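Input: one structure, supplied below.
To keep things simple, chains are lettered A, B, C and D as they appear, and every chain counts its residues starting from 1.
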Amino acid sequence: MMVIRPICQNDLESLCRLADKTGIGFTSLVADEAILKKKIEGAVRSFAKDNVTTPHNEDYLMVLEDTATGDVVGTCGILSTVGLDEPFYSYHLGTITHASRELGVHNAIPTLILNNDFTGCSEICTLFLEENYRHSKNGQLLSKARFMFMAQFPERFTEKVFAEMRGVSDENGVSPLWESLGRHFFSIDFKEADELTSQGSKQFIAELMPNNPVYVNLLPKEARDVLGQVHQNTIPARRLLEQEGFRYENYVDIFDGGPSLEARVQDIRAVRESRLCLANIGQPKDVREGVSEGNYYLVSNAKVKDFRCILIQRLTPPGSAMTLTQEEADALCIESKEPIRIVELSPYSRR
Amino acid sequence: MYLVRPADFADLPALERLAQQAGIGITNFPANRERLNDKIASSRRSFMTDVVQPGDESYLFVLVETKTEQIVGCCGIDAIVGADTPFYSYRIDEVVHASPQLQIHNRIPALFLCHDYSGTSRLIALVVDKAHQNLTAMSLLSKARLLFIARHPERFTKRLFVELRGENDKHGHSAFWDALGRHFFSMDFKKADYLSGVSNKHFIAELMPRYPIYVPTLPEAAQEVIGVVHEDSSQSADILLDEGFEFRGYVDIFDAGPTVEARTESLHTIAQQKMGKALILTETCKGAMHLISAGHLEDFRVTAAPAEPQTAGLGIEKTTQERLGISSGSRIQWVTL
Amino acid sequence: MMVIRPICQNDLESLCRLADKTGIGFTSLVADEAILKKKIEGAVRSFAKDNVTTPHNEDYLMVLEDTATGDVVGTCGILSTVGLDEPFYSYHLGTITHASRELGVHNAIPTLILNNDFTGCSEICTLFLEENYRHSKNGQLLSKARFMFMAQFPERFTEKVFAEMRGVSDENGVSPLWESLGRHFFSIDFKEADELTSQGSKQFIAELMPNNPVYVNLLPKEARDVLGQVHQNTIPARRLLEQEGFRYENYVDIFDGGPSLEARVQDIRAVRESRLCLANIGQPKDVREGVSEGNYYLVSNAKVKDFRCILIQRLTPPGSAMTLTQEEADALCIESKEPIRIVELSPYSRR
Amino acid sequence: MYLVRPADFADLPALERLAQQAGIGITNFPANRERLNDKIASSRRSFMTDVVQPGDESYLFVLVETKTEQIVGCCGIDAIVGADTPFYSYRIDEVVHASPQLQIHNRIPALFLCHDYSGTSRLIALVVDKAHQNLTAMSLLSKARLLFIARHPERFTKRLFVELRGENDKHGHSAFWDALGRHFFSMDFKKADYLSGVSNKHFIAELMPRYPIYVPTLPEAAQEVIGVVHEDSSQSADILLDEGFEFRGYVDIFDAGPTVEARTESLHTIAQQKMGKALILTETCKGAMHLISAGHLEDFRVTAAPAEPQTAGLGIEKTTQERLGISSGSRIQWVTL
């Protein structure tokens, strides 16, 4: 069974292995053992905090474990706030109009404006799944488990939450936006800039990036075309977030132009439609041994430190109570009559 | 031989022909009969008005080939630009972006829209017929204006500037315009250039980019022509630079042609010009070529001729005397050419 | 009965009377007969357009008529797009962070950035109700009738719609934000600037307003305090829009700092929850002659040129068909079996 | 009488006492013993280093009351500022906002953060004991530096600048700081001022506003002190202005005190200074007060004394000779005070 759980100290080796497999443009997992160790410690501390009433600097990093093998095969995370230690930069794609009634000319010109508007906001991040586990809706479980955690503990996050999506770059890691814009100001290459950023060093952005709005219409077409566009491989992840209610509100990454998607926590479908109920443990009537059928549901427990989330299938929609198999209950670390949270995996059933 | 004098209405057909020859990129001199007529009228008014300090006067001069009495060139001076609507230029400033941590120190040139030449006198539109583009005619026409300014300093500001025509190809395509202006004006260079000559310049305020343009983000072809003089104008540019005009980092907003400026009093012709009596020589003059002017305002005349400076004044030949329409002993201004 | 309908040529006199009663800061109704006449003509033309597939420059101005007296007592409108003739300006309240790890200082500084981001967007506007009609939910009818129109004709509007709310000013029309900011750049007073804008002349804004971001922390407290705040009298209108799903996304008016609220049309509650059904005409079972009871519902017809919207009360929720009284049907300009659109007046019943 | 000479380690206690007296607003001269010791060490290194072009040298001079041998003042020169971390100033530029339609033409002064003085030599920290703030001592100390620069031109840049202390009240409250810097630095003026003296200036890049500040939007109290010299510094300011230093629209980023600058060669003391032999007079000198220097680098000495220029050199009294530690015929530099 595939289970989402908080990361723990023992996962260091697995995390290093996963980090090795990510690539350029994946700045939140750097293949550096010391950094990853610190990251795990931060996450363990965050999950251990009791009585959190407002978000501070927690980093809720979770992993996807295959209980059959004990392998950690994916990660996902939520930062309770960004930009409070080091500035968090983005470009806002705004509009400036230039019109002359006399000449009958009206131009609405898009502009990129450097900002720190996401300062203090919660971010969902660090989504990575091993290639040979990209099936059986594992990706959806990994991504959406975070919404179950947020639904259960909204006080730990800000009203608005956002996600940065990887932007367009070619097989050599060359980003058209970087080549047309960033390169002129940085005198270093994209990879190097990307690495510096991922190591938490961002002062140089303020020092080197242009303060003034950049006129998008002056950029080469290949750069304009990637603004707000995600990398080929990230299209499914984007669609998934959009189905949950995340929207592109004209914020893009300053390096590769990838979009930030945002939503108010309470408006995320999985948050809004999820409901608490009490677990019964036994043999659910509508589950036939060894047969996978029915709608998919995300089920999580209501614990912080021992948070768990799994994916189940049921033929009939759950009511005010829910019967789980012993295996499911074990995976969720719950006893009978403990509260669980449940929601349809997708906005449309059977998907 | 050549003579420079104020333009008159009778010169209109000749000016129209010159304007058509001049082509694109000389926004102050559009090939539009009505507009040219206005320019002549405004010039005549300016010459005839009493002026205490510079205002909206504009002075237009023509270059006459004295043998045929043909008009073969023209030039002008605006007493002040930007009085009604601001006068726009791009100032090239370097923006420093430095990161001690990364050991990076970038100085990035950027174009800032400014009005820095508003309120300054401008030399405009030196146009000379192809057949007469020799150094004497060009220098005479260019420097005649300076003698006029020296004669009537109260009519001009303490600083002068000239816009030099920027680089564009023979079809009138400016790489700079294509990379920048076109995106904001939604029209081609010809049209913008024409409008800028005939319309009030309000549309520039409405349509120009309001934020600095970072030069390295422009296409290379556009970067290369910033501050570069059109090859057809290189001779007039050289004359001005020799005079003491300097490039101070300002370029035209349309074609990025350079603007050169100088303090009026420090220009060679103005600093060196002398005033005195005309002495008529009885034999052929062996002296150097001089720029010699006579009269003032609407009677102002300038020619280029050999002359011999003497203690009592300037010795000139009889033909020169006749060309200028003066008598022996008339007060004249001169400077070596 | 109170009925919302498109404005018509005969309403000029009434509109002038209403315009006289608005005040400073209400820029969309200027008490100038020539301007109002043109505005009515524009609206009549807009409602008369058939087969509109995308928004252009329509101005859907409607009025609230008291059928008992024939008086026009209120207005509301929707512009299909703004900013395409004259630039439309707003301030975006962004954030710039300045942090020094060495000194342990971290400042998140709000900034005002001039923009034309709403260019091409639909706007709901021109909401005005006569003082002696501010009762019996007339205000809600007036405001929300627009959503019924948008629900029926979404192709006539953009995906996102916004509303500018009047900002804070004192009884003399003095705006704290204007005094601290605009005044320095305009050399004219708030009233004059406001009038120029309302007459459609906006070029001067580009010419006079600062291009660069303005640091909010440098503004006097009284100016900072009004950013994103509405005028005392506008608080109910703001709450009403927020209940419908409109959100303040950090855009404010450049003069008085009043907030712009925005929503995606499909997310507006009254749009999302409204449904079409067929009208029966007769005596509804749950309506007792002369007694007002039950929940409030907005009902509109499905016509453009003859659009009508009224408010009714019913004890039982309407199903797939709905019985209207002859008076109600007449007010809606419909015959039996014509389609009508219906929605609960408020997100919470009985409110 | 007074003598100016390079500072040495033995001067540390005296310098510390002076720094304490000087108070806030003299960021280059913090009352921190360790830091002062570093300054002396760096100065000694600079005097003793061979220099081909200006680098990170800094020169510190002390003013000695020769009767008591007490240190009563000090001043310095930085060969170049902004070599490691940029040197920040505000440049006051006018932004033009004009609307022809409304007949409005606003010129709005705005403060632009810039590095324009990076790479320039700076005169620093003129501090004189209260009891010795007379014109002779102040002028001597201020101009002694210029004689040093004239003696060693290869060690300095062609332009010089000086930051004058801005207006603040007796509690060290700067109205400008309160209106601007405080919001960005989250600390009081004293602390920022101190940090700016002792820390690398990285934090300025990190915390300073990156966009222009429009002056009219600042509180009036802050507007009023922009470019205004602290009253305690008005005497040193006058000396510099008389020398030929000019205000060119640059002010300090903390207290908005004015920065004055000049081309080195055009400063009065540097342009007028002469070099020649010392001639010892046998009687009391009736000549004007002169600034007289002898020696070079670590042996450089300057005093002020009456002297008589003669064809063969400068006639000075015996006491002056002794004070400077020179013999008759030694090469000296001088200029009228």
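Just so we're on the same page, contacts are C-beta pairs under 8 Å (C-beta built on N, C-alpha and C of every residue); 3 or more make two chains touch, one makes a residue touch a chain.
Source: prediction; values computed, not measured.
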{"item": "Farthest chain (mean CA position) relative to subunit C", "value": "D"}
{"item": "Pair joined by the larger number of C-beta contacts - A-B, A-D", "value": "A-B"}
{"item": "Centre-of-Cα separation between subunit B and subunit A, whole angstrom", "value": "63"}
{"item": "Subunit B and subunit C, separation of their C-alpha mean positions in angstrom", "value": "56"}
{"item": "Rounded Å distance, subunit B centre to subunit D centre (Cα mean)", "value": "45"}
{"item": "Overlap residues in subunit A, where contacts from two or more other chains coincide", "value": "96, 98-99, 111, 203, 206-207"}
{"item": "Contacts with 2+ other chains: residues of subunit B", "value": "98, 202, 205-206, 210-211"}
{"item": "Residues of subunit D defined as touching subunit B within the complex", "value": "84-86, 96, 98, 100, 114-115, 118, 200, 202, 205"}
{"item": "Residue ranges of subunit D in contact with subunit A within the complex", "value": "205-206, 210-211"}
{"item": "Interfacial residue positions of subunit B with respect to subunit A in the complex", "value": "95, 97-99, 101-102, 104, 106, 108, 110, 179-180, 183-187, 195, 199, 202-203, 206-214, 216-219"}
{"item": "Sites on subunit A touched by subunit B in the complex", "value": "96, 98-100, 102-103, 105, 107, 109, 111, 180-181, 184-188, 196, 201, 203-204, 207-210, 212-215, 217-220"}
{"item": "Subunit C partner contacts - residues on subunit A that touch it in the complex", "value": "83-88, 92, 94-99, 101, 106, 108, 111, 113, 115-120, 203, 206, 247, 249-250, 264"}
